[in-house]
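Chain nomenclature is as follows: A, B, C and D, assigned in order of appearance, with residue numbering initiated at 1 for each chain independently.
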Amino acid sequence: MKPYIHFVQYYETDKMGITHHSNYIRFMEEARLDFFKQIGFDYLEFEKLGIISPVVGLNNIKYRKPTTVGDEIAIEIKITKYTGVSLTVHYTMKKGEVLVLEGDSEHCFLSKEGRILVISEKNFPEFHAKMNSLLLSE
Amino acid sequence: MKPYIHFVQYYETDKMGITHHSNYIRFMEEARLDFFKQIGFDYLEFEKLGIISPVVGLNNIKYRKPTTVGDEIAIEIKITKYTGVSLTVHYTMKKGEVLVLEGDSEHCFLSKEGRILVISEKNFPEFHAKMNSLLLSE
Amino acid sequence: MKPYIHFVQYYETDKMGITHHSNYIRFMEEARLDFFKQIGFDYLEFEKLGIISPVVGLNNIKYRKPTTVGDEIAIEIKITKYTGVSLTVHYTMKKGEVLVLEGDSEHCFLSKEGRILVISEKNFPEFHAKMNSLLLSE
Amino acid sequence: MKPYIHFVQYYETDKMGITHHSNYIRFMEEARLDFFKQIGFDYLEFEKLGIISPVVGLNNIKYRKPTTVGDEIAIEIKITKYTGVSLTVHYTMKKGEVLVLEGDSEHCFLSKEGRILVISEKNFPEFHAKMNSLLLSE
């Protein structure tokens, strides 16, 4: 799995001269969509089928070191929890060898009408198996 | 007509210590929606009816003076062109007596399916009359 | 203490039709700066003196209900931890009676040169006393 | 000269399901910094030397076709005016063969203290010559 690279942009800095902390939440989303595409589950295709997976929580977001425009942030993702009802994604962001941010996002699954979806081997066998295999590989 | 007030936020600044230039395009949108609501045409209601009015152009955007977090920007709007097919909105942004930005946005009208709508006294008599009266009042 | 009000803007929505989850982190910042100003400690004044208080963590961010453009979000703030070295701020966001988001941000104090500041009754007696009194009032 | 590529992100869409129009102003900045780096004048190095080149105007921004998350936008840049006092940059954005946006940004040159800089063969001979040669090559 290739880490996702985000190049920090000028407009992502703030008057402290560093990347505004809110933008890392966006980088998490970029990396997450890239990760799911890499493992064969393009989120945008799911969305077209009427399945969405909104962020329901952010936890243990730790800002370790600042970054700024021109910096290259490498983002690695692990699936740390999966129940079929919810999914927890862990992020590690590095600039070279320097740890920049760690944190987790939590997701549920919803139908287009906003009803909670329980993913299982019956309705989404391939996705279900993949999530479970990723959990085991940690 | 009351000018629209935008209070500049910390996250709207960049590493120069001033409001990032892209954000003024967002303030124009804020002021425009407020303006249409004030004159009795809530854009969000139009959208629910399936009529949208996207930005098709930005012209003569002149950044006169910088602003920063904590500043209060007063935005005045005039309708400077209206043909039923397109609409031009002019913005004047001030911080106290200081001119901060001037500029224009150009809009068309579309149906939800993306077809061009021609507004006239036949299909939208009240909106059509209002736009024409605003033009005359300049 | 008046809750801080954020009016959701069109540009804050995403293709799901709701406020993008990253924007709430920005609303937290808006509310936090407003809160400190209301209690007599304008963050921007501190920054001019060379004291900054960056976000070092986000915890227990729970997205309860979505919002969208036109919605009015009322944000209440409590100081839930203060040691002189770090500060934890708790946020409750509501749309009318509906709970929209809860969560915490954690902050440290730094000098302009990036050195850790320990706030005490010796160097910042008024701020120190205020933080402790806010903790007790919970 | 390689065109700059921007991959549209989820958080760059709005409730219309398309890239919010304000974001293209940010893509222009991304492409501009990349362009200057490619021709050997890294803007961030200039900034360290105390020379900044803020956006003073946006002109003839024409939104031709919408884009959305997952789209790849190729941005080409030309220098269309240069006087030593001001600089005009022209942008052409394409998604495959489809023209997405055209437009211009105008810039001046300032010292860190905010004084207007006149670039000439005397103070910045290499940059001055490069800008003039780019103009001639059109």
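The working rule: a residue touches a chain if its C-beta (ideal position, glycine included) is under 8 Å from a C-beta of that chain, and two chains touch if they have at least 3 such contacts.
The model shown is predicted, which means the values in this text are computed figures rather than measured ones.
Taking A-B and A-C together, the chain pair joined by more C-beta contacts is A-C. Ranked by how far their CA centres sit from the centre of chain B, the chains are topped by A.
Remark: chain B and chain C have CA centroids separated by 30 Å (rounded to whole angstrom). As a whole-number value, the distance joining the C-alpha centres of chain A and chain C reads 24 Å.
Per-chain Cα centroids separate chain A from chain B by 35 Å.
Multi-chain contact residues of chain C (touching two or more other chains) are listed as 10-11, 16, 22, 26, 29, 69.
Interchain contacts join each chain to each other chain, per the touch definition above.
By the touch rule above, chain B contacts chain C in their complex via residues 9-11, 26, 29-30, 33, 44, 69-70. Contact residues of chain D toward chain B in the complex are 16, 21-23, 25-26, 29, 52, 54-63, 66, 103. Here chain A touches chain B in the complex through residues 10-11, 13-18, 20, 22, 68-69, going by the rule given at the top.
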